[in-house]
Amino acid sequence: MDGMDTAIAILVGTIRAGTPLVFAALGELIAEKSGVLNLGVEGMMLVGAVAGFIATVLTGNPYFGILAAIAAGILLSLVFGTLTQVLLTNQVATGLALTIFGIGMSAFIGLDFVGTPIEGLKPIPIPFLADIPIVGPLLFNHDALIYFSIVMFALVSWFLFHSRGGLILRAVGESHHAAHAIGYSVVKIRFLAVMFGGAMAGLAGAYLSLVYTPQWAENMTAGRGWIALALVVFATWRPGRVLIGAYLFGGITILSLHVQAVGYDVSSHLVATLPYLATVIVLAMISRDATKIRLNAPASLGKPFHPGA
Amino acid sequence: MKTDQKLQRITAFFAVAVIAVAAGAGLLRADDPLKIGFVYVSPIGDAGWTYQHELGRQAIIAEFGDRIDTSYVESVPEGADAERVIRQLAADGNTLIFTTSFGYMNPTIKVARQFPNVTFAHATGYKRSDNVSTYLARFYEGRYLTGIVAGSMTKSNIIGYVAAFPIPEVVRGINAFTRGARSVNPDIEVRVVWVSSWYDPGKEREAAEALIDQGADVVTQHTDSTAVVQAAQDREVYAIGYHSDMSKYGPDAHLTASTHVWNGYYIDSVNAVLGGGASSTDVWGGIAQDMVELAPLNDAVPADVRAQVETAREAISNGELHPFAGPVNDNSGTERVPAGEVLSDGDLLSMDYYVEGVQGTLP
Amino acid sequence: MLLRLEPRQTSSKWMQYATPLIAAALTVITGVILFTALGRDPFLALYTFFVRPLTSVYGIGEWAIKATPLLLCAVGLSVGFRGNVWNIGAEGQLTMGAICGGGVALAFWGNEGIWLLPLMLIAGAAGGLAWGAIPAILKNRFNANEILTSLMLTYVAIQFLGYLVHGPWRDPDGFNFPETRLFNDYGLMPVLVEGTRLHAGVILAVIVTIIVWIFMSRTFQGFKVQVAGQAPAAAAYAGYSQKGVVLLSFLVSGALAGLAGISEVSGTIGQLQPVVSPGYGFAAIIVAFLGRLHPFGIVLASLLMSLMYLGGESLQINLNLPLAVTGVFQGLLLFFVLGSEVLVRYRIKLTATPKEA
C-alpha cells in the first residue's frame, strides 16, 4: 500500500511538473507549425508569470491572473511577430533578444510584488470521480489549469489534423510561397500562430506563479522555457508526443528526487544532465527515419517570408 | 619683456590659487560621505542570502544617515565580471566594499592589491590581505537549534532536507541540524535531496514534495527560495526556514528559521573605517555575536521545546555547548571527534562527511 | 500587408548607413522616456550607460576583453549560419573548451613551462571542436535536429563542469570549496597594457576574425558553405556535400567557442569555477546577426553588446538603478538594432538578386 501511495505521489508530481511544459510546448508547436521559430518562450513565460501574479494580487482572483498572463504573453509575442514578420528580422536572434527583454521586463514590473503572498489556485476534485481509489487522486483531483492543459492538448490535436484552419496552418509552415500563391495571407496566419504561442507561454508562466510555487521571484522559470522548446522537436511536432515528452521530462526529475529521498546517493550534477542526454539520444533514435521527420517537421521553419517577392 | 614677466607672475598667482582651492576642496572632501559599495550575487528579492545582506545595508543607512553613501550591484556573476564590478566600485571612490559571495574571493584579493587605500570585506572566503577582511557566521549554531525544534516536532522521525550543492558550508548545516535533532530524539533520520541549483523554486518544491511523499513531516532547505516552506504549508507538514524569516510563506508550517544577521558586522566595519582604524580581520561570529538568530517560534511549538531551545541557545552562546562536541561519528560509524574534544575550525571549514543520522552518502 | 508600405525599391545606398543612426535615435528617445519616467536625468543616464564605462583606459580594456569571447563565438557561428547550419550550443562548446584547456593547466600544475599556454589553447579549441562535432555527427548520421542537440549538450557541458569543480578537480588546499587551483603564471594570458586586464586573447580574436573572413570570402570551402546556405538546390546540383558543410560549420564554430572558453579562463578568471561564462555563447548568436554574419560587422556588434553589459553595471553603480531597469533597456536596444538592421540587409538582397518565388 505504501508503495502504491508513493507511486501515485510520483505520478501526480510528474503531471504537475509537466504541465507548464505542456502549455509552453503546445504553443510553440503551433508557432513552429506555421513556420516560425520563437526562441523567446522563456521571456514570454516570465512576463506571463509576473502579469498573472500581479493581477491576482490586485483582484484577489487567480482566474483574472490567468487572463492577465495570457494577455501579457500575447503582448510580448506581438513584439516578436512585428519584428520577424513585418521587419523580417532573423527569428533566432529576435527570439533570444525577446528572452533578454522578457527577463528584464518581468523583473522590472514585478519589483514591488516580490514576496507578496497570495492564495494560489487550489485543486478542484471532480465529484465522485475523485473518490475512486488510485485513479481518483491521479486524474480527478487537480487544479483548473491542469484540466485546461488537457483540453488545450485535445483542441490543438483536433485543430492541427482535423480542421480546415489546421490544414492552412500546416500549408503555410510547409511552403509559404505555395500558400501565398493559393491566396492565404502568410503573414497574418503566422502572426496568429505566434500570438497563440505567446498566450500559451503566458499560461505556462501563470502555472508557475499561481499554482506551482505561488509567488513572484525574478527568473522563477529557471530554464523551463528552453526545455519546452526542446520538447517540441523531441516530439517531432506532434501534440501527443509533446504531452508524453512533457510528462517524461517531469517524471525523470521527480523520480531522481525520489531516488535521492530514499537515500540512494547520486551525483547531483550528473543526474541533472540526464534529461538532456536522454533527449539527445531519443532524438537521434527517432530521427533516423528521415521520412517520418519530414512528415512532421515544418519545411519552412525559421525562414522569413515576404509577400512582395 | 616686462609685460611677459608680469603675465608669468599673474599666471603663477593663479596657479597657486587654483592649487590652494583644490587642496581646500581636498580637505573638504574629508567631510564627504563615506562611499560604501556592495556586490550581490543574486537579485535582492524578499528573502534569502542576498536579502539578508541588503538588510545589513539598510541597517548602516539607518545608523549613519548622510555620513555614508551606499550603492550596490546585484546579480553579479562569479566569473570574470566580478573583478570589473569590484574594481569599478573602488575606482568610483567607494572606500569600503563588501563582496558577498564566495566566488568573489580571488577577484577581491586581486582588486585590493591595486587599491591599497580601500578597505574590502569578503563574505565566506578564506583569503585575506592587508586591506581584505573576511567574515562569516557560524550558521551551524542556528542549524543545531532548529534541529532541536524539528526533532521535537516530528512524528514520523523522518526529516527532509533540500540542499543545493555538497560544499562544506551546506554539509556543515546538514550535520549540525541532524545533531540538534538527535540530541532530543535519537531515532531521527535526515534525508537529503540535492537539487544542483541555489535557486530554482520549481525544483526546490518538487524536492520538498518528494521528501514529504517519502514520509518526512518536517522539511528544511539550504537553497535560496521560499518554495520549500510553501510546499510544507500546502501539504500540511512543518517547515524550517533558512537565511530569512519565511513565516509569511507558510504561517502554519513555518516553525522557525535560522537567520543571518549582518547588521552588527556592517555597522562595526563602517565605524572602523570612519574612525580610521580599519584593519584586516577574520570574523566568524555566531549566536553569541548575534550574527545568527532564530526567527520567532511558531505557536505550535510547545513550551517545553521552547525552553529546551532557549537552554541550548544560551549554552551555545556562553560556550558550554558546541554542536560538534565529541563523540562525533560519521554515518559509516567512523569516529571523527573523540569524546571530550570539539571539532576544530579548520575541520569545520572543510567538512566532507555526513554525521550519524543522515541517510545516504555524500555525493 | 504592412510590408507593402515599405518603399524598398527606392532604397538608396545612404539609407544603409542611416539605419544604425535610426536605431540609435530610437534608443535615445526610448531611453529619455524610460529614465525620465523613473525620475532620473535622462541624459546623465544615457551618458552613464554608453560613455562613462569608456572614460578610462581600464574601461576600454574591459570593453575589449568583454567583447573577445563574444567575437570568437559569433565569428565561428556566422560560418554555420551562412550555411544554414544552426549551432545554438556555443555556450556548451565554450564550457568544454574551458574544461579541456583548464584541465591541461591543472594536469601540469607544478611543472609548467612556456609551452603551457599554447598547449592549453590547443586543448581548449580541441575540446570545443569535439563537443561541436557531436551535434554535427548526430545530424549527419541520424538526421537529428542540430538546434536541439547542440542546445541540450550545452546543459550537459555546464553540469559536467559543475561536477568536476565540485568533485575531482577541487583545489586540494581550498577547504573543499567548488573551484580549482589558481593557474600558474605560465597558464595565464599575458596582459597587454599595464593597469588593465587587456590580455592576449584579444589579439587572438582579431587574428581569428581575419582568418575567418579570408576563409569565407577567398576559399572554395567558404564558397561552398555560402552556396549551401543560400541555394541548397544549387549546392546539391554542384555536388557539394551538405554533410560536409554541417560538419565543417560545427567544427569551426565549436573550436572557436572552445578557444573563447579557454581564453576567458586563462585571461580573466585564472581558474575553473562552476560558472565560467555569463551566457556569452547565447549572446553571440544575437551578435552574429547584428553583425549581418560578416566578420567585420561582428566586430562592431560584439563591441556594442559588450558595452551593453558595461553600461548596465555602470547604471547600477552610479545611478543606483536596479538591474531590472537595465535589462529592459538592453532588450529595447536589441529590438531597435535588430529591427532597423535587417531592413537594410533585406533591401540589399532585394536590389542585388531578386528573390526566388
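Each chain carries a letter (A, B and C) given by its place in the written order, and its residues are counted from 1.
The rule we apply is simple: a contact is a pair of C-beta atoms (placed from the backbone, for glycine too) under 8 Å apart; a residue touches a chain by one contact, two chains touch by 3 or more.
For clarity, every value in this text was computed on a predicted model and none was experimentally measured.
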Open item on the list: Suppose chain centres are the mean of their C-alpha atoms. Which chain sits farthest from chain C?
Closed with: B
- [ ] Could you compare the number of C-beta pairs in contact for B-C with that for A-C and name the larger?
- [x] A-C
- [ ] With chain centres taken as the means of their Cα atoms, state the distance from chain B to chain C in Å.
- [x] 35
Open item on the list: How many angstrom lie between the centres of chain A and chain C, each centre taken as the mean Cα position?
Closed with: 28
Open item on the list: Can you list every residue of chain C that touches 2 or more other chains, as numbers and ranges?
Closed with: 159, 162, 166, 322-324
Open item on the list: Two-or-more-chain contact residues of chain A, please, as numbers and ranges.
Closed with: 107, 218, 267, 269, 272
Open item on the list: I need the residues of chain B touching at least two other chains; which ones are they?
Closed with: 43, 165-166, 196
Task: Complex interface listing, chain A residues touching chain B - done: 5-6, 9-10, 13, 17, 20, 107, 114-115, 117, 208, 212-215, 217-224, 253-254, 257-258, 260-269, 271-272
Open item on the list: For the complex, give me every residue of chain C touching chain B.
Closed with: 56, 58, 62, 65-66, 159, 162, 166, 174-179, 182, 197, 264, 267-271, 273-278, 309-310, 313-314, 316-318, 320, 322-324
Open item on the list: Going by the contact rule set out above, which residues of chain B touch chain A in the complex?
Closed with: 43, 45-47, 160, 165-166, 191-197, 199-207, 209-211, 213-214, 216, 225-227, 230, 248-249, 359-363
TODO: Could you pull out which chain B residues touch chain C in their complex?
DONE: 37, 43, 71-81, 83-85, 87-89, 91-92, 102-103, 106, 126, 165-168, 196, 349-352
Task: Residues of chain C defined as touching chain A within the complex - done: 1-4, 8, 86, 88, 138, 141-145, 147-149, 151-153, 155-156, 159-160, 162-163, 166-167, 282-283, 285-286, 288-290, 322-332, 334-335, 338-339, 341-343, 346, 350, 354-357
